[in-house]
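Have a look at the structure below before the remarks.
Should a chain be cited, it is by its letter among A, B, C, D and E, assigned in written order, with residues numbered from 1 in that chain.
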Amino acid sequence: EEVVVFAAASLKTALDRIAADYEAASGNSVTISYAGSNALAKQIIEGAPADLFLSAAVNWMDEVEKAGLVAEGTRRDLLGNSLVLVAHGRGSAPVEIGPGFDLGGLLGGEKLAMALVDAVPAGQYGKASLETLGIWDAVAPSVAQADNVRATLALVASGEAPYGIVYATDAAADESVSVVGTFPADSHPPIVYPAALLTGAEDAADRAFFERLGAPEAAAVFEAQGFTILK
Amino acid sequence: MTLSVALQHRFGEFALDTAFEAPAGVTALFGHSGSGKTTVVNAVAGLLRPDCGRVLAQGERLLDTEAGLWLPPHRRRVGYVFQDARLLPHLSVRQNLLYGRWFSRGPRRADFGRVVEMLGLGALLARRPGGLSGGEKQRVALGRAILSDPRLLLMDEPLAALDEGRKAEILPYLERLRDELHLPILYVSHSVAEVARLATTVILLEAGRVVAAGPAAQVLSSPAAARALGIREAGALLAARRGPAEADGLVRLDSGGGPLWLPLTPALEALPEGAPLRLRILAQDVMLALAPPQGISALNMLPGRIEEILPGERDALVRLSVEGEALLARITLRSLRLLDLAPGRRAYAVLKTVAVAPENVGGTGEAS
Amino acid sequence: MTLSVALQHRFGEFALDTAFEAPAGVTALFGHSGSGKTTVVNAVAGLLRPDCGRVLAQGERLLDTEAGLWLPPHRRRVGYVFQDARLLPHLSVRQNLLYGRWFSRGPRRADFGRVVEMLGLGALLARRPGGLSGGEKQRVALGRAILSDPRLLLMDEPLAALDEGRKAEILPYLERLRDELHLPILYVSHSVAEVARLATTVILLEAGRVVAAGPAAQVLSSPAAARALGIREAGALLAARRGPAEADGLVRLDSGGGPLWLPLTPALEALPEGAPLRLRILAQDVMLALAPPQGISALNMLPGRIEEILPGERDALVRLSVEGEALLARITLRSLRLLDLAPGRRAYAVLKTVAVAPENVGGTGEAS
Amino acid sequence: MTDWLSPDEWRAVALSLRVSTVATLVSLPFGILVALALARGRFPGKALLNGLVHLPLILPPVVTGYLLLMTFGRRGSVGQYLDQWFGIVFAFRWTGAALAAGIMGFPLMVRAIRLALEAVDPRLEQAASTLGASRPWVFLTVTLPLILPGIVAGAILAFAKAMGEFGATITFVSNIPGQTQTLPSAIYSFLQVPGGESNAARLVLVAILVAMIALLLSEWLSRAIARRIAGA
Amino acid sequence: MTDWLSPDEWRAVALSLRVSTVATLVSLPFGILVALALARGRFPGKALLNGLVHLPLILPPVVTGYLLLMTFGRRGSVGQYLDQWFGIVFAFRWTGAALAAGIMGFPLMVRAIRLALEAVDPRLEQAASTLGASRPWVFLTVTLPLILPGIVAGAILAFAKAMGEFGATITFVSNIPGQTQTLPSAIYSFLQVPGGESNAARLVLVAILVAMIALLLSEWLSRAIARRIAGA
């Protein structure tokens, strides 16, 4: 039995581990295709042979659902994440992020690295948060947008930009950046990774792996990567 | 009619407007650089699509712009020896030679081994064209065209890059081709000697137009053409039959005007007794005498009658009729005066035996 | 010493091993196709880096493999006329002609307008090489080399693609070049007539080796070289001085052997009275007579003594000394017997005035 | 050595090689035809064809990928008929990856071959035609051998591009290990997660290695051909 | 018509044009030099140079972007010295986008020029040298005019590639509207959100339009050059 999973690329480390455990335990094989959520969603809509979809954004799961490809009642919000401000280098002083936070002053004329603020979820959340905090208009001209979170982080890691906004999960593992603050969870829409079984893929193995994602063993792995488990 | 050509074409300032008939045998295209010789040959080969024209080869229409007919080059079966050899650089000499065979149907008239030997290509077969000398390239091109078993050969100054020795070796072979294979040949050359030896018909081109055309003997002997050919090349063609060889290495040729003795060259040796042949006698190689001179090394003397004298600036062309055949002699105005020559007077044409150049001796191109 | 060449090079089976000295004037490289002529010329131009060798031009070393010296082509200042014209396709004819000028320093010895007129290039100046005829291309190449103001001209069969008329027009120009510009010229040609007219020195190559070398008169007159040249091209060179022109269009030339009369050609007309010149007299244009023949159109007779008879298979070469100058006559074995000719006997050399071909008349290449 | 890459990674390497090779070989005849049409042909839609060929170069690869997905996907305008009538499916198969790679490399291949075609001396082709070779034979026996260096150059460009193609491929056929995961997709996956850089670097090295070998082979081949043509 | 694109989109179009033009023109001399070295040169590191030139083709664009960032970034191994000594900064500038585009198009440009170089008849260059032209002059007056069609072809390939380049550019200089947001970045952004397709399609059309005009111009130019060379 083969389970084909389409998953947002940012889930790779955790999901690879969970899949390996599952394969060892069940004897079924799990094949995971990692790409951007938008591409995966479109592929699913175009008939990709996927059994499960793990999206990094709500809107792309909505698209799949609209196309009638989500198996009745299987969609659920699997994981959450938080948004942090990272700085280049290890020893940067922590800052308090709240209303009126002087990010512009912190940048000192340099760039703030973010994911695409209108297109990539991490960018969209970041922009929303900065708007809520009332500093978006001041910061906007200094924003350098990358096409994904890892590229954003690379801009900070390489020192190209002194600060950047990324997911907590991405910030943790990088030696050359430090987290200097976390954006208040209520300053942006909840960061949610929805998961669903896809129509026509409701055999035992698929279901089993889908269930497995919510199991405590999986939760531990996700949490180790910095994700929060949504109930 | 073997080949009938009528062409009109314009290249900027240059306008080609020619029509001629080429009977069996070799038809020489003759004319100054830029007179349109290559253009004509290209149109016959199908490499140039003339503005207007008709080309018929052995009854088949190759081109007829009025009827909208244009046969592509590969269906014309013309063997073309180009002014620049145009060997295929990625093929060996052997493959170049055999290239035409890949496409030809029907019997193979030219023998590979014989062509290779004749053109001295044996040592080159495995080589590639890149490193060949100019003459070597042209020899391969010649062999390639012959071996493609064409029904018409087009040659654009094929021998210009060859030395005298090689030329002398190849010319008899071209003659044999012409005679044995009954291949019509359209031949561009700057050498009157070559043309005289090979050509049945001569077409004189000037600035894209035919200024003289006809049987070689007639065109080359006509004093009028002498001017176009250059005075040094003026001469007459004499028909003769090969007589018996004699003990001292000479052979008798029976011309209309009387017997002539020539050294027995390999070319002559190859002809059977009684075979018709052609002698070209340059006007400048003919002396006139009032009586047969004695004690002189010239063996050949023909008695004749002066028909016409065309005086030039410094010398004169004298047309002599020798038993109905025409001979041209070029003499100085001083000699004209000293000997008191005039039309109607009798005179002896004296020619040095060996002044009859061997390449000016050839078969007639008609079946013997 | 103007040009000194010593070369060794190997191309597969072909091995070049030549050494020769080329004094001022024209040095002709002569030999069969594939004998290595182009290879030598390329090595002199710097286009071929020979395995081993030395080339000195007017005192400057162009190549010395022992000393590790190799001057690149552009610093050798050689004007090279290639067997294939090699015009630059992206430039107009005018630009091709002027190309060398872009790089040359110093005084301009060749005049653009004059070269253009001489070579008949006026109407072609605005054209591109693509559409030129074979002869037109070669004329442009010639002009281009001359206009680059070289100190050495290399010519690889420059006239082979030209018709007789053009050749006759260009030859005097090459002579003038040689004489006026004191340009040494290394000249490859298959035409003995060209070589005889132009060359001061002749180098005979065979299979990459020099088989004869020396002053043109000597090499071309030597009966031994006759075999290499082809018997029809054997002949002697006679030094003479131009005498006065006479009323009937003839001019007297005073040779060592006595006076000769020739038609006054433009080339002769251009020479002042008393100018030294050179006549080439082909062995086959000379008849021998025991007494001066009467009533004959031949004007020129020179009394001489038979020095040597070299019998061949069918004819013999007779060397005659005419007041110390050598003449060659080619006669049949039959005439030899009939006239009972033998060394030591006296005989008259009879030549048809006009058999002295105009292009075999030229300045000597020495300052007059 | 085998431990150095995981089984999935080995499969990605093997797949990339297969995809690139197939893409190159299959597109070669089309490349030659299109180059011929562009270099020699005279027909109304020539400018359009030229534009079409260049399109994959002009568009961001992702766009090409989307267009492929819309066209050759299982519900795509062409894809569904190919499936129904010929049973050919590109979507989410390695064949799709090859299609994407082939299309992305096509402009490079065509241009190289076209340049070589334009450098062929037409007088040689004329000479061949007077010897009896019809147009197709002239092409096979003269033109083709003479443009071989251009074909090799075009093929190596297409192959290299295929080895590196990512955007169009992942968009069209996704990133399914063992089926559509090429080396660049695998590299991408690693680059998307924290700490994946060293793994990515390993795969980058493999990609460079493979491509360099292909490059050296092609150079050697070109030189051998050039020597053959220059002759001696 | 001006309403058809937003001001930011207009700026993206203008920037893409500028980036592509500059990338093409600036890399041209280098492309010619490298093509010369590869076609004619004989030196120890030749295979390496050849490999290096092809690298941007072989690697996924994102990797090239990362490598550029590491090398030419402000703290990159080369970048910091460029900044310190010459004041040249690529980071977050359109110049960086041009650098990325130029490097991505470089292998295409070099190959086209190299093919043209290899087709030049060395006998013509020899003829020029006997007329007194030194190597550089021969190159300028003979080789260069003869390879012009190849140069045009190389330039148009590089230009087209630059118009479509996305992965390396966004990774290296990110996406700052008006500064580094090229057309492909803008297109990509639209494709990331549901329903963005029609907007993306609009920009794709613009990209195609611009590239087609460039293509037609280049074809016309090539043909004019070819006619000039064929002569008459």
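The working rule: a contact is a pair of C-beta atoms (placed from the backbone, for glycine too) under 8 Å apart; a residue touches a chain by one contact, two chains touch by 3 or more.
Model, not experiment: these values are computed from the prediction.
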| request: Starting at subunit B, find the fewest moves between touching chains needed to arrive at subunit E. | output: 2
| query | Measuring from the mean C-alpha position of subunit C to the mean C-alpha position of subunit E, what distance in angstrom results? | reply | 57
| said: Centroid of subunit D to centroid of subunit E, CA atoms only: how many Å? | reply: 20
| message | I'd like to verify one number: the distance from the centre of subunit A to the centre of subunit B, where each centre is the average of its C-alpha atoms, in whole angstrom. | response | 90
| field | Computed distance of Cα centres, subunit D from subunit A, in Å | value | 34
| said: By the touch rule stated above, which residues of subunit B touch at least two different other chains? | reply: 11-12, 84, 127, 131
| field | Residue list for subunit D, restricted to those that touch at least two other chains | value | 62, 66, 188, 191, 232
| query | So which chains end up touching which? | reply | A-D, A-E, B-C, B-D, C-E, D-E
| query | In their shared complex, at which residues does subunit E touch subunit C? | reply | 123-124, 126-135, 137-138, 141-142, 145-146, 228-232
| message | With touch defined as at the start, can you tell me which subunit A residues reach subunit D in the complex? | response | 4, 6, 9-13, 31-35, 39-40, 42-43, 46-49, 148-150, 169-174, 225
| subunit E partner contacts - residues on subunit C that touch it in the complex | 45-47, 72-80, 82, 84, 86-90, 99-100, 102-104, 127-131, 144-145, 148, 154
| note | Note: in the complex, subunit E contacts subunit D through residues 47, 50-51, 54-63, 66, 107-108, 111-112, 114-116, 118-119, 149-150, 153, 157, 160-161, 163-167, 184, 187-188, 191, 200, 204, 207-208, 211-212, 215-216, 219, 226
| For subunit B, which residues count as touching subunit C in their complex? | 11-13, 31-34, 37-38, 83-84, 123, 127, 131, 133-136, 139, 156-157, 160-166, 168, 190, 192, 229-230, 232-233, 248-250, 261, 263-265, 284-285, 287-291, 293-299, 313-315, 329-337, 339, 350, 352-355, 357-358
